[in-house]
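Multiple structures follow.
Two complexes are shown next, each including subunit A; its partner changes from subunit B in the first to subunit C in the second.
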Partner chain A sequence: MTQSPTLSRRQGHSGTALPRKSRQRGADARAGYTFLLPWLLGFIALTVGPMISSLYLSFTNYNLFEPPKWIGFDNYATLFQDERFLQSVGVTLSYVVFGTPLKLAAALAVAMLLNSKRRGQGFYRSAFYAPSLIGASVSIAIVWKAMFGDSGPVDQGLSFFGINIGGWVGNPSMTMPMMILLTVWQFGAPMVIFLAGLKQIPGELYEAASMDGAGPVRKFFNITWPMLSPVIFFNLLMETIHAFQIFASAYIISNGDGGPAGSTLFYTLYLYLRGFSDFRMGYASAMAWLLVIVVGIITLIFFRTSKSWVHYSGDAK
Partner chain B sequence: MTTTATPVQPAPGATAPAHNPKSESTTAKRAKSTIFHAAALLLTCVVLYPALWMIASAFKPNSEIGGQNTSLWSSNFSFDNFATAMDGIGGVSTLQFFTNSLILAIGAVVGTILSASVSAYAFARIKFPGRSVFFGMMIATLLLPFHVVIIPQYIIFQQLGLVDTYVPLLIGKFLAGDAFFVFLMVQFMRNLPAELDEAARIDGAGHVRIFTSIMLPLMKPALISTSIFSFIWSWNDFLGPLLYLNTPDKYPLPLALRLFVDQTQSSDYGAMIAMSVLALLPVLIFFLIFQRYIVEGVSTQGLKG
Partner chain C sequence: MINRRHFLTTVAIGTASAAALAACGNGGSSSGQTGSAEKPVTINYTWWGNDDRAERTRKAIALFESKNPDIKVNGNFTDFAGYWQKRATEAAGGGLPDVMQWDLSYLRDYGQRNQLLDLGTVKIDTSAFEKSLLPSGQIKGKTYGIPTSTNAFAVYYDPAKLASLGIAEPTGKWTWSEFQSFLKEVGDKGNGTLFGSTDFTGVWWQFNIWLRQKNIQAFTSAGKLGFSKDDLKTWWNLNSKLRGTQALVPEDRVTQLKPKSPFGSNVSAAEVTWDNFMAGYLADSGAKQLKLVPVPSDDPNNLGLFLKPSMLMVASAKTKFKDAAARFIDFMVNDPEVGQIFKTSRGVPASKTQRDGTTFDGADKLVVDYEKSIEQYLKDAPEPPIVGFGTLEASFGRIASDLNYGKLTVDGAVDAWFKEAEDLIKQNA
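This part shows the complex of A and B:
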């Protein structure tokens, strides 16, 4: 930037260099905003605008037919006395807290198994990835419900080992394990990302560790984990945020009401029911904003704590 | 590995081991390989079982799906379930649902390709004031739970009289609404050499020329992954159609499936599962054809499933 005047003088058009530069800059600014226009329009009309208005609506009583009525913090205050709301928070948290680490542990374990120069690796990788592509669909939710239903194949399989559950779908204490199994089944997407990360770790590190007599456990904690930590961080952040937003599977498996006994009343499902069944749109907006705040705080905590365990290759350790 | 190492072994007779180290390492290797494949194959069976069970059940009579049957085989395989499923639901044929899904998915692909590539070009290749601020905001929308915008969006589209049309479902795609794809293309373009545009500029090409005749052709891999994923995401989308579509003849497949479940309520499991298979068929076919692209796309760009 600062060199360019001297450069252009050397090239022999010192007189026109500066105006041309600024004209170029003006043209670039115009071109930049022209090219950015689709995203900018969408960002303002479909993201920022709606975010502001849902923040406003969260302080009102609004049913889509009468004008919104300002009620201050009433919606937020009511939320914490609403048993169904508290239940939806509990359901979602247990899903996030148990489902996400299990899914990532499975993803990492399988990625480490596959991380070798063996034949068939590509086939296994594709086969394990496939559920991630279809797992969140309505079709799979229907199949899951059928498989875990009374005397469905899962029950049949377990009774072979002497375990009798007698239908997961209708049993409020078994629906959560069933939902967690559904997300763990989709371990393929983070696995593929882990696998790409594992391939970046130089083999010499492991060879050197072997010579020093390190076993597989030490190698994992002293090489694999720190070297892979940026990828682990990425997967953990993305999977956690997605887990909060599960909707279609919960809707189908619970017939759209969060049953049995509210055991699949996920946060987004309750938000949907409040907003679009009861038309309590102010209340639902308050729920939506609370979700944004919670996800924001979690993201912040992740980034803050990441400094202590995420190592980037440029870091001096 | 070991074979190249053996010639460098100490001279014969140095310590004279009782057995040949070379043969031991190959048998150990073979054993390890067998264990690996056994474990991986077992896992493959477990992972693919739900999908296989779904396909097998679609061909079985109702009596064999719920009852004492974990096996994937049946002596009574038939296409009856598919025939029932193709009849559709609520007076609308399944073919119509297919067409609707296809219109939405193709619209999503076209809209995303057009808008995301143009916007990504601005982020990656043009210097303008405010660029890094907007880029940061775009990244932030990747993490934003989109539930925070659905209520006001619904109100807007309702007041514009656009509920029960495809406009609310497609307009976001034409406005680069899936930030993931913009990000993916920005990353891709940043890796293309800057000399390309500089050379074109010296030749007097403007941004439009550079974008259409230099960037777009080079971006093919990114455009292909974007097309595949935006097609599949649109095909599987449930919440959007659930919010905006009221009349069954406009339903895409996931919504039709829900209607089917509501109306038959487990009385006809076979047809329900057959319809689930039909609804996933394009995704499965896509996966079989493009699995290379899909899995590579995930591993290099961190796309979710």
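This part shows the complex of A and C:
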């Protein structure tokens, strides 16, 4: 490594510490990139590569077996005449619109409870986080299916109170509430982030508010909410994107067919069925890209609107 | 406190990774074409079925390995629906298992697209097979599948359940309306605890048989639909008076019981399906005895029945162990001891060598006797149905289920199915 004149001049001022530091920095960078390499290779080979090829496939009639043939925008055009596709959009949107706010509300409520100083908080925090650790797993979906099935614990519990819905799993109008309950129950990840955010709010603000006679509701809306708004925004964004991608639990609860009566035909599930059951991988790729674009647009809208309600420290506002 | 730049970076990275679409396939590999007792080759074999079939298959594999020390068989199984999705993934990645249990519905999809080995190029003994059956595994003169066994459609019933309701056992000589009255009687007397059967109009093959009774082909030789919207309307309207009554198992019960059937779960007294489900039903339901009678027909001389290969054995076109794969297939379809292991749980053995070497008693004898009893009514086995048939068969059931949920009218259901069918035929043309 050659030393620049600037550096050598500085060297004169501050002794021998600097060149060692700079050499050190070069080595650090190299080590950094070396450690980054496995991820970078994986990112290019397993994420960027497949994304580009799926973009190409979305303009073809690829059927998994035969070489793809270019068909232009046909896949995209037929999407909107496909009733099953429109159904899957409806199902997914209602899940996102109802499931995400409920999940975040549950996460915030529990985070606030766990933020107070109480004995055994460590235990409670772990306990409330646990469902999220196992939540994405196949076993939970199976347990959920059994719980909400005919004569399952939920059915029996409700019958005890005189509510007779029967099994939720086989009832097309009850599967969506069931899926939403499943996601709400897995509030652990946003809760932990909320908790971290709550801990960063200076206690003096609450003290000062108390002095001025503010009640808990007032404190929540005038201190907690604005101070926490970047975290709320982050969680809202992540959970919305996450909700669009629901697949595993729907696949298991519906035996992989989006039933009963298409009530759990989530977007990704229909995409999967199109690709791997009907061998229409071109069509499925078009669906995947449409989802990427729509999620991108929604993210953009979130960022735009965030200016009016998200407050960052150090901002002039 | 939360700093803006830091925060946005996190969000950006999170969003990027969340939007990522990634897929990966896996290909198995090993070297060498043939093995020896010291260095055996390993072939992968996969099948669909329940635990009962898994147990029997494991026994058959163990027997094969003891007779062929130079070959190891690595077995794997799933349920029927997941089975085909998994095969599609493997085919796309070029890693189909060496030997697979196969269904007629998917033979064209994979055979016509060069995914399956032409079994005419390897040594498999088919001399003990009925000449009329082998074309079921052939496409354009090439043999892609060897039938393990045959099955035929039948009406199952549980004699003990009928006796407990005081209902006489059916003789199997019945018209469609007589069959429906029977279901209604079961439903009325069963009073919510026992239903007649599932909606049999939701089963593609039963529809196919009904068409045959009217001398209508399901598919033309050109790969088009051979029946009209009106035919399907008549068929789905057949049960319009029974839907929602106790004659048929309520659709939400059917959904909840999946992957088991209502009949296997003791929820219904009868079921119309393939005769080789006997072993599975007995295992699932724990019933002492189940009986079989022919399907209803308004023309007593034409029951529309046929023997179908209940399943076929196929090999991957890309297998490195053609010889080992062929020997395993030959063993599974011809060996009498394999017949003894499976009995009729795969269907009645198609190879005479295997059939004659198997003793059938109890429930298995009922299945064999049933196929003998309908011999005079049997017509030619169907050729492998059109490309994409597996999808059509599945959507037939799904749309019929929507019909039972009351989400569609019969006319709406017919339109929905025809739209999907025509779209699919156009796609694969």
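Convention: the second predicted complex is superposed on the first by the 280 of 317 C-alpha atoms of A that agree within 3 Å, B and C clash if a C-alpha of one lies under 4 Å from a C-alpha of the other, contacts with A are read in each partner's own complex, and residues count from 1 in each chain.
The definition used in the following text is that contacts are C-beta pairs under 8 Å (C-beta built on N, C-alpha and C of every residue); 3 or more make two chains touch, one makes a residue touch a chain.
Because the structure is predicted, anything quoted here is derived from the model rather than measured.
After overlaying the two complexes on the shared chain, residue contacts for A:F65 are found with subunit C alone; subunit B is out of touch. Shared-chain residue A:A146: touches subunit B; no touch with subunit C. With both structures placed on the common chain, the touch criterion links A:G259 to subunit C but leaves subunit B unconnected.
By the touch criterion defined above, A:T47 lies against subunit B and subunit C together after alignment on the C-alpha atoms of chain A.
In the superposed model, A:N75 lies in contact with neither subunit B nor subunit C.
Residue by residue along subunit A, subunit B and subunit C are tallied for touches, and B comes out ahead. Contacts of A:T92 after superposition: neither subunit B nor subunit C is touched. Of the two partner chains placed around the shared chain by superposition, subunit B is the only one that A:A29 touches, whereas subunit C remains out of contact.
With both structures placed on the common chain, the touch criterion links A:P230 to subunit C but leaves subunit B unconnected.
Comparing which residues of subunit A touch subunit B with which touch subunit C, the overlap comprises 46-47, 50-51, 54, 64, 149-150, 234, 237-238, 241-242, 245, 255-256, 272, 275-276, 281, 288, 292, 295, 299. Against subunit B, in their complex, subunit A makes its touches with residues 25, 28-29, 31-43, 45-47, 49-51, 53-54, 57, 64, 110, 113-114, 116, 118, 120, 124-140, 142-144, 146-147, 149-153, 156-157, 185-186, 188-189, 192-193, 195-196, 234, 237-238, 241-242, 244-245, 247-248, 251-252, 255-256, 268, 271-272, 275-276, 281, 284-285, 288-289, 291-292, 295, 299. Interface residues of subunit C facing subunit A in the complex, by the touch rule stated above, are 1-4, 7, 10-11, 14-15, 18-24, 81-82, 84-85, 88-89, 91-92, 109-110, 113-115, 251-256, 258-259, 388, 390-391, 394, 398, 401-402, 405, 407, 416, 419, 424, 427-428. Within the complex formed with subunit C, the subunit A residues making contact are 46-47, 50-51, 54, 61, 63-66, 83, 149-150, 166-167, 169-172, 197, 200, 230-231, 234, 237-238, 241-242, 245, 255-257, 259-262, 272, 275-281, 288, 292, 295-296, 299, 312-315. Contact residues on subunit B toward subunit A in their complex (touch as defined above): 33, 36-37, 39-40, 43-44, 47-48, 50-51, 53-54, 57, 65-70, 114-116, 118-119, 121-123, 126-129, 131, 134, 137-138, 141, 143-156, 158, 171-172, 174-177, 182, 206-207, 211, 232, 236, 238-239, 242-243, 253-254, 257-258, 261-262, 269, 272-273, 276-277, 279-280, 283-284, 287, 291, 294-295, 298-300, 302-305.
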